[in-house]
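Okay, so chain A shows up in both of these, paired with chain B first and chain C after.
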Partner chain A sequence: MLRRYKAILLFLASLFLLVLLSLFVKQWLLQDTWWLEGYQWIDWMHDIGHFYMNFLSTETGKHFLLGFLFPLLYTSMILTVFNIGFIAFFILFRRWRSINNYVYFSRMREKTEDVLLEYLYGDKDAAMVKLRSLNRRILVKEMVGLRKQIIGSKADQLRSLFYELHLDDFIIRKIKYSRWFNKIMYIDAAQWMLVTRAEDVIEPYQYVTNVYIRNVAQVACISLSPDSAFSFLNVLEYPLPVWHQIILYKSMVLSSVPIPDFYAYLRSDNTTVVLFALNMIRLFSQRGDEEKIIALVSHEDPIVRRNALKVICDLKIYQAMETVKQYFQKETIRNQVNMVHVLSLDKTEETLDFYKTIWIETKPNVRMEILKHIEPALRKKLQDTMPSERGFNETISNIHA
Partner chain B sequence: MIDIIFNNLFLAIALLIMLIYLLLGVISLVELLEYKRGHRHADFNAMLSSPLSPGITVIAPAYNESKTIIENIKGLSSIHYNNYEIVVVNDGSRDDTLEKIIKEFSLEKVEEELYSTIPTQPVRGVYKSKNKAYSFLTVVDKKNGGKADALNAGINVSRNPYFVGIDVDSVIVPDALLKLAKPFLSYTTKRVVATGGVIRVANSCKIENGQVMQVNVPDKFWARFQIIEYLRSFLMGRMAWSKLNGLLIVSGALGMFDKEVVVQCGGYNSNTVGEDMELIVRMRRYLYEQGIKHRVVYVPDPLCWTEVPDNLKSLQRQRNRWTRGNMDTLLIHRKLFLNPRYGRLGMLGYPFWFFFEWMAPLLEGLGYIFMIYLIIVSAINLHVFLFLLAFVYLFSVSFSFYAVLFDEFTFHRYHRFEHLRRLFLIPFLEPLIYHPLNVYFAIRGNISFFRGNRQWGSMDRKGFDDKSEPKTT
Partner chain C sequence: MKILICGENPLQLKMMKNELEQEGDEVRLSWSGIDLMAHVIKFMPDVLITEVLLPQINGFEFIDNVRKHFPKISIMVLSSLRSEHLIDFVFRLGANDFVFKPFDPETLRGRILKLQESKNSLLTLNYMDYVTSV
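Presenting the complex of A and B:
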């Protein structure tokens, strides 16, 4: 809740501080003298403000708003002057620091990489001594980076090194206590280094409101607990956007986790989980209770229906034909196009008869899609049976143009 | 009595404006930091190999682009994405744009089924390459109808659920599609219908093979002013409006759209010069009327580099057109004004644009005239005037500095000390030179609009290659 309104709260807090400060400034300006009186380099600020305070007190009728707000405006003005200087200095300082940091971290990274390679392919003992003295954050980053590029025995060796250096304890502590954007990095490290002890810490993050952490935690749990890899899908209240589905799919392909039976999720109350299950069934060509997929042709969500139709088409589920025909007229145009793709699996006279019955009420672009997806012989028949229909002829001429 | 009301009313309005800008600045900062932190470890490469990544069509309208078209298409072909097509629409060019593309990419006329979902000027032909290496390229040749009409023709040929509208002479960064597509794939409760990216100034930058190789601050002051202006507008303005879900515009130079919604709304409006803004407002209006929860998202990454006017004449034409486009859209969709039915669009976005983009320059112009009058009749209170002038000037300068700071915090594309030295001078000059000129151009735009001017005008583009001759688009 607080995170959502962070900007507004920050703005209000700044205004409040400004008002508070302006009360002090008002008192300061009302004094004829102050403790730095006579120091020209700073006294001019007081003199100008003091002059205006006196001047506006004589003009209260004309400039009552300015008179009332003057201390606030004058405070903002002073702050602004300092601010401009501060920002300019800060930008230059940050630039200088970032250049130095870049050089430092590049050197550190190179050094870490060299030592890691020495450990994997050279003198282990010497490398081990050096590794213990390196920055752990950089070490974790580099080890995870390297782990993503190698497989086999060297990957196992790298993982043992990770434990030997007690980096597992380090990342578990970091997952618990660091800020949310750093947690992401350490959860990712736990996944790649298979730190199973971290699972208990990561598991609750699968259900948090922060989408970035939620996604990385779900992916991590797939690798860390293969037995209950997708259990979060049963209880997930938040939507599972396509982006998360892409990341989950990638981690499934890369890991050796057995692919679960996605048919089990087709009746989930969470529509996005159903979509994910349909996508995975299609991509992994998973066979199962096809009736469950056919039932989704009449789902209330058009995107679920569209995805169900794609699965039917890809898996060639012939039993779905009657249901598809039954719901054809009630569908959106985009889904009707998908239905045409499904019906193109069935190249019989029955389909032709079906098209004849729905032809007049069908939109031109769907008709064109129908013509593209039927056998040339059937197309000819369709043309012959309805030669007088104007829209049909236009469509035909368009497709042959 | 009147002067008392005037004095206090003007001050109240000025303070309110400043507070609103400050609030937008704070919202932008929080959003930028959140975006930066959240995407630090985002695996965009997952999209490159995923069969779940949606198809995207890049539509590039071209009119008399003969000199640069080949390089521009080659630049577009280096985009990092696995499932995209490029549709170049030759909008009735009078030079040899089409011939050059046909020759370079070995194109041949194909029998393409055009659904003609959106009406356009007649299409003379659709071309595809005989060479499989260029299978991603489709060229549509049509009768001239303007940029909006060309984009509509591109939408008609597009085969993907999303499309990106670009200016063919802009430089698109290689990962632009990945960054623009992510919000479409990440939405949870509100459907994302359009995304836009930050546009950066390409003048004086080193461009090779359609990519920015070295970022530079422009040599000419007019272009330098626009760097600060763009930073302020994109990083401090649109980011905040994106968060508030009150965005009314996605830049015509680079914007990605949900094709289904665009087609349902009838595509781009060819009768306005502000077709980019008009489309967004129409889409959002339609979705509000349908009761569909939606969002227009701004991606703060610098995704597109474009050449901006570097002389007064071109700048005036551009600002004139922007003003007319803005007014046109606001008038077409006047029903939105403070209409609670249209949510934040009607209650926040539209009124902001009405007062701050349309009315503010007019009010400011009036203010200048009034000030001159008061000076002439010696009715001005010099002390009050000087104080307020200094206050507004310093506020404006600090706001521009904040824009540079935001860039530094996030993407710091101007990374050399030399760049910063050049940029630091601009905020001090801008309120004195560039801003009053912009007010003047906006007033001229208002006059042109009411005179019925609906022309695009032209801009002298020099191209990114120093050796090439200036061309007019």
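Presenting the complex of A and C:
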């Protein structure tokens, strides 16, 4: 209740305060002198108001409403002037601070870059002394930035330098205690510098509500603990977006992680996890318990069904034919097209018989797809046996065109 | 050899410069996108190493412009792009070589030499064609 009318209550409270303040201002304006009398830079404010209030007190200018409204207006004007001044000061201060920060960080970044290059190509001992005195946040940022771009002996040197400077301890501490956007940076650093000790700290972040931390932590865990890389999928409650699925796939390929058994995730309650598992099975042509995939043909989600059909088609799972035929009529048109692709694996008379039974109820565009995917000999048979209705003839002419 | 390196990450560029200068090449860097063409005109490099995702300008357009105006410059593209379509597009714009990121900076010099050798052999062939009018 209070939450719903918060804005109205706030407005009424401000109005009340304004009226209260205006009563003080009225008293101030009615006085002939005040404590800053004589200081022209501020006294004009009192003089103008005082002149007008005096006029409103005389017989000719007496007006009840104006006597109440004028102090109110005057108070609002004073408050506005102060408000504008304060905001202008605040903006200028923030701008000044951000420029100063930018200059400082640019200088420090350049210095860090020079010292890092000195370490990689020059006097290592002298560079080590300088590196120990540098800002560690900038150092981590620069080292990780460079590590992402290079491989080979220089990348190994960079990694060993990271450990020599005890930056692994630093990032573990930062992952624990810094704010969320900094956590992301340090989790990323742990992933690239392979700080395996950070795994225990990062692991709980795979399930947090913040989608950015969650995704970075999941990718980091793939690199840091390849054996249990996808264990988070077992307990993930939140959706796994497609773009993150792509990142997970790329991380897996780049880190050369052993491919886990994705069939284990096909019975997950989280639909996005099932979709991810199906996509991975398809991409890696992974073989396993095919019954689990066949069971997904009757899944409640049409996108899962479609992906399951794609997997069946790519992996050539012949046992799925009966199930596909069973659910053909209940499917959406898009999925029926995928089912036709699956049925095209089985080029027997049985499939032809199945098509004959469903032909009349099937929509023309699906019929066209069927004709595209059957053997020419079977197509001829189908043409001969089926009634020459209007839609059918159109379909045939489209196919020949 | 005169080499111009354009990119976004100053540390990476400086590192490449260090690596190539050890072999006696003259290297210049540019990490601001606006005056890249001016750099090319002033320096007239033998080899241009550039990224596709450059700050402030379109890298594809830049490669296209350099190829149009300076056909003798060898262009080596350094990128983390993995799309075959885009890589093909980069070559069609006129790039001579494509290096995937992350890369080994120590092998860079070898790639450049190989690139120059292939360019020289092509030039020789062109020259012979011109003389014999074959």
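Quick note on the criterion: the second predicted complex is superposed on the first by the 261 of 401 C-alpha atoms of A that agree within 3 Å, B and C clash if a C-alpha of one lies under 4 Å from a C-alpha of the other, contacts with A are read in each partner's own complex, and residues count from 1 in each chain.
The rule is short, and it goes like this: contacts are C-beta pairs under 8 Å (C-beta built on N, C-alpha and C of every residue); 3 or more make two chains touch, one makes a residue touch a chain.
If you're wondering where the values come from, they're calculated on a predicted model, not measured in any experiment.
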First, second, both or neither for A:E142, with chain B first and chain C second: second
Partner chain in contact with A:A7 - chain B first, chain C second, else both or neither: first
Partner chain(s) touched by A:I259 [first = chain B, second = chain C, both, neither]: neither
Chain B versus chain C as contact partner of A:L283, first or second or both or neither: first
Touching partner for A:Y121 - first (chain B), second (chain C), both, neither: second
Partner chain(s) touched by A:S153 [first = chain B, second = chain C, both, neither]: second
Which of chain B and chain C A:E113 touches, first, second, both or neither: second
Chain B versus chain C, judged by how many residues of chain A each one touches: B
Common interface positions of chain A, toward chain B and toward chain C: none
Residues of chain C defined as touching chain A within the complex: 9-12, 14-15, 18-19, 22, 101-107
Partner chain B, residues of chain A touching it in the complex: 6-8, 10-11, 14, 52, 55, 59, 61-66, 69, 73, 76-77, 80-81, 83-84, 87-88, 90-92, 94-95, 98, 180-181, 184-185, 188, 211-212, 216, 238-239, 241-247, 249-250, 272, 279, 283, 334, 364-365, 368, 372, 398-401
Contact footprint of chain C on chain A as seen in their complex: 110, 113, 116-117, 120-121, 142, 145-146, 148-155
Residue ranges of chain B in contact with chain A within the complex: 3-4, 7-8, 11-12, 15, 22-23, 26-27, 29-31, 37-38, 40-43, 46-47, 49-54, 111, 113-115, 117, 182, 184-189, 243, 260, 381, 383-384, 387-388, 390-391, 394-395, 397-398, 401-402, 404-405, 408, 412, 415, 417, 420, 424, 427
